[in-house]
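If you scroll down you'll find the structure; I have some questions about it.
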Amino acid sequence: MIYFNCDYLEGAHPRILEAFEKTNGIQQPGYGEDEYSQKAIEAIKKHLKKDQRVKFIHGGTATNALVIATLLKPYEGVVSVDSGHINVHETGAVEATGHKVISLKGKDGKIQSRDLDQLFREHEESPTRIHEVRPAMVYLSQPTEYGTVYTGEELDEIRKICQYWDRPLFIDGARLAYLPRDNSLEKIAEVADIFYIGGTKCGFLLGEALVYNKIYEEDLSYMIKTMGCLMAKGRVLGIQFFEMFKDNLYFELGQKARQQTLELAEDIQEKGYTIEMPVDANLIFMRCPLEKYEELQQQFVFDVDRREKDDIIIRIAISWATSDDTILQLKKAL
Amino acid sequence: MIYFNCDYLEGAHPRILEAFEKTNGIQQPGYGEDEYSQKAIEAIKKHLKKDQRVKFIHGGTATNALVIATLLKPYEGVVSVDSGHINVHETGAVEATGHKVISLKGKDGKIQSRDLDQLFREHEESPTRIHEVRPAMVYLSQPTEYGTVYTGEELDEIRKICQYWDRPLFIDGARLAYLPRDNSLEKIAEVADIFYIGGTKCGFLLGEALVYNKIYEEDLSYMIKTMGCLMAKGRVLGIQFFEMFKDNLYFELGQKARQQTLELAEDIQEKGYTIEMPVDANLIFMRCPLEKYEELQQQFVFDVDRREKDDIIIRIAISWATSDDTILQLKKAL
Amino acid sequence: MIYFNCDYLEGAHPRILEAFEKTNGIQQPGYGEDEYSQKAIEAIKKHLKKDQRVKFIHGGTATNALVIATLLKPYEGVVSVDSGHINVHETGAVEATGHKVISLKGKDGKIQSRDLDQLFREHEESPTRIHEVRPAMVYLSQPTEYGTVYTGEELDEIRKICQYWDRPLFIDGARLAYLPRDNSLEKIAEVADIFYIGGTKCGFLLGEALVYNKIYEEDLSYMIKTMGCLMAKGRVLGIQFFEMFKDNLYFELGQKARQQTLELAEDIQEKGYTIEMPVDANLIFMRCPLEKYEELQQQFVFDVDRREKDDIIIRIAISWATSDDTILQLKKAL
Amino acid sequence: MIYFNCDYLEGAHPRILEAFEKTNGIQQPGYGEDEYSQKAIEAIKKHLKKDQRVKFIHGGTATNALVIATLLKPYEGVVSVDSGHINVHETGAVEATGHKVISLKGKDGKIQSRDLDQLFREHEESPTRIHEVRPAMVYLSQPTEYGTVYTGEELDEIRKICQYWDRPLFIDGARLAYLPRDNSLEKIAEVADIFYIGGTKCGFLLGEALVYNKIYEEDLSYMIKTMGCLMAKGRVLGIQFFEMFKDNLYFELGQKARQQTLELAEDIQEKGYTIEMPVDANLIFMRCPLEKYEELQQQFVFDVDRREKDDIIIRIAISWATSDDTILQLKKAL
């Protein structure tokens, strides 16, 4: 079987394992005070123009809950597109910290800035606003759950609205490596108050790098422990991020996968299949006749987005580890 | 500098890194459905006589919060000795899930079974009990925060009380490897309703194995995600636990460190120092004159338990990675 | 000014104040152990065929949060129609207890049973259900926020679905007095696992009577205190409910208001205005040309549901205290 | 039977019922926007020298949870004396909002300012403070659970410590009416950042008046709804507080009861009984031989603080409604 169902099927990039080996016997303090974490932070900071700080967390859902619980007051909620990860795939991790996820209907998995502005305005202008959850921060993922990408202009627009209404913008970059290189980490760092650089889906064993304005330093320092996110062996995350960011390995891996994805998408469309969402990162949502799907299932595993009468919409995920040969087999089968 | 301040100073046992290498390219499903996790579960189950289940979690604080939040109703609290990890070192991780930690004064870091029985009795017999938090489960760690160990009889006694009052018993085995081999995993599995086998402090990069009665299966399956504990690459934990439990490596590493600890403790006492707590695992709490401490600090790092007028009580932690040579240097310096 | 904007504009029915006077000096135990509360419970039980219990709570939002927090596990959510009170008007009171409100698109403010069944089915049949909040109980209000009423058949259908999927049904009866008498308390008691009889909006100073299956007794006994709902002077609620239920005063007041509402609605339609929602309790949602609205505002206060281009949709609320003369003035003005 | 077991045995002071009658038919807006609430706020403000705001809440436990949940961040805890109401008698209402109650050993039910200072200092100076709950606000009740009273100097001292460490001070005045008149509301308003004036135990049907620095206005406005504390008929609380504070009725009732208490305490001591706590408000903790207690039980009901070998310590509560004749009967029986 060949798996195209997600981007966390293999272990880690070999250089990460080598780095573990090389550093293994060296004694280091715990809780992120180790030298690798410090070096990883420096390496990441080279991509940042503002004075932002960095902490490493073990996984995405935990990071989402941590950030939202840290930034919101108990009567406040986080705004997300209806298809957002925190709204549908996290078993209430955000609500468990006491906060409502206020969902906005999206287009191609993206928040529409006009809807966002209207939501804030209606709340602030409502004479009965204290009877409603205050929409108090914005969550979006870049790329989105559908593999689509907010343009720089779209991000600027959302940023402007957030600033106007004085709401922080939080960007989930679980698949950040797969973004177009000219609309990537640097752009996100510019517009977001807090965001993370995904490791787990981009070639790490585990780990996300949370980057934030220094105003959140004190609160996050405590909250990371309160939320069960303070790793005793912080080095495990530091070593990986340093290895990936000391040169451009992180981006190289992502760009290769993105290129493969764009080419595969072109091929798919040439073969006459419909692609449901604009392809701009490492995911393809393809409409597949049921009969064809049954045939493909003999050889491949995909994630199923939804079933319709005669078709099934499948998600094809390419990753840092996908070989050209694997893609060739898929092309042939299609 | 030589570090004796904790048991998570190095990377992982070399066999773990080898196992990562060997399995790295193999595609596996996520979320603990990989074959390594399955094999690790089977290896652990060989030590269990009851029908218990196993899940892997990334760290100790998260596991404590997960278990307590899963087992308790909103008006219930967890009973812990006053020096218990959940009561003093977790930045309110348990309270953040809505539950009171009800602390009992301990002896040598251990819950006194008589106090436990009285606590339950007083609550149940109180006509105003609905005005108080219901003490509804028991948390203890074995070995304790002070490196002391509940005897088999003490565990049996606590178990009996828990059964009489129909309260689950949860055992935190973060340092389980360092227990005396005849009062170890098998005994804990016998008395606890839910417990975990510590990885992080026993030679892993990270990870704890949560073992539980099957009655908790459904709730834990959801809660592990709600609490941000469901790792996408579950293999990272499965590979480590399989490597440590497929033969007896886990216990061998722990026993070596325990032996070193017992011998060092004997040497310390022979040299005329006072040891504050019975030594039975991998921790020594030594009373050290301030002057001597200043001298030792030139060469060694210890954890400080507390300061008194002329003395300082330091904690010496031995681990799976501590070499005989290191210990020799400490002996000389003392 | 004449107020039609809600049903809690006056104090309480005079008989309630008389009852306070009569009992004022008599010493009674606190926390609902007083004799008036016991007598009120007996009076309410006469309307119940099943073995259900009763507790009195000070207000509706608190009751909603209390019930949902008591019945759900931390990873579970409550299903509500999108216009449900808990979903839009409670400032996240439910989410603050850790639970998601899962909203279903409604018709006339009512849950569609087919949608409910599908929601449960999709969750239970989903292979990735542990990544989603479990829809674990149903909340509806009868009458609804729009003053519409579920028919007996609709309630039976929802009940059947809840039983099939083994989910409790919780009914918010904040305006229960205003229901048609043949589809009222007795019917709700038959289909709901837990519900409440509204006092605040039906002529009380404050108070709601929570009626529940005895399986919830132990949990609610504690939770009522945990949630800040245990009144020291429980007599304040007991006296009111006894006075209203010792004979049929509660229903008489409601029926009078419902009759006034139905007649007013007929008159409104005869005058050529559009009514937006079927009128069956004590609320009328009337479409009003903007110009007319400005004129009415000189004399009357209404609640505004929403504004459209040329019209405004206003809510007219009739209550136990509305006089025929007041309604006559409104009729004239229309 | 004559009840001395608490101070909420009767209804309300007759003037309150009269005020309900007089205002009953008048239409008023809900949610505290009524004119009685506004007038009550003005009447209370006459006792305040600082620019403080007022909101009315239905009960004490709810007010405690509301204030603490509003002022604290998720990783912070509230400091209380070990016998504090929030620590022992509220079924985890504070923990249910996610916060630890950090208890300090008290003397006569009072926080010792030296201990408080040390607690803050140790936390702030600890290099591992992010592993501990941050002690971030102080809760005390005046009078205390034992009926003792902090002197003005003690309050000033605690205030100074709170200011030095920049922690808000929250005072629970559930029995404020019974304080010595020269160390009462005005003094509390001077030292506290937020406090409440108790109604329920001081002659109201229900209700507490929360007084707070205006910095908390926005947060409390929302939180009062989130926590289920926003009463639809806010007039019910406004009418009562206006009636009690428009002249000095509130204080007159309290002073009468305090005088009765002091005299009874003197009589008790003259008769040779031991009083366990300094008497300064409306509670007497009396040591009573078991035999005598059995005799008294034929005629009187007391609250039992604790049982010792041959004695029982009972709590005698005097209230605004206690008649001189009742006290005479108790004196005779003693």
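All chains are identified by letter, namely A, B, C and D, in their written order; residue positions are counted from 1 within each chain.
By our rule, contacts are C-beta pairs under 8 Å (C-beta built on N, C-alpha and C of every residue); 3 or more make two chains touch, one makes a residue touch a chain.
Keep in mind that this is a model prediction, so the values were computed, not measured.
Listed by label, the chains touching subunit C and subunit D alike are A, B.
Set against the Cα centre of subunit D, the chain with the most distant centre is A. Chain centres here are Cα averages; for subunit B and subunit C they lie 49 Å apart.
Rounded to whole angstrom, the centroid-to-centroid distance between subunit A and subunit B, based on C-alpha atoms, equals 33 Å. Each chain gets one centre point, the mean of its Cα atoms, and the points for subunit B and subunit D are 42 Å apart. Shown for subunit A are the residues in touch with two or more other chains, namely 74-75, 90-92, 96-98, 130-131, 134, 222-223, 225-226, 230. On the side of subunit C, the complex with subunit B involves touching residues 69-70, 73-75, 97-98, 130-131, 134, 219, 221-226, 230. Partner subunit C is touched in their complex by these residues of subunit A: 74-77, 88-92, 95-101, 130-134. Taken together, the subunit C residues at the contact with subunit D in this complex read 2-3, 6, 8-12, 14, 17, 20-21, 23-30, 58-66, 90-93, 96-97, 200-201, 205-206, 222-223, 225-233, 235-236, 321.
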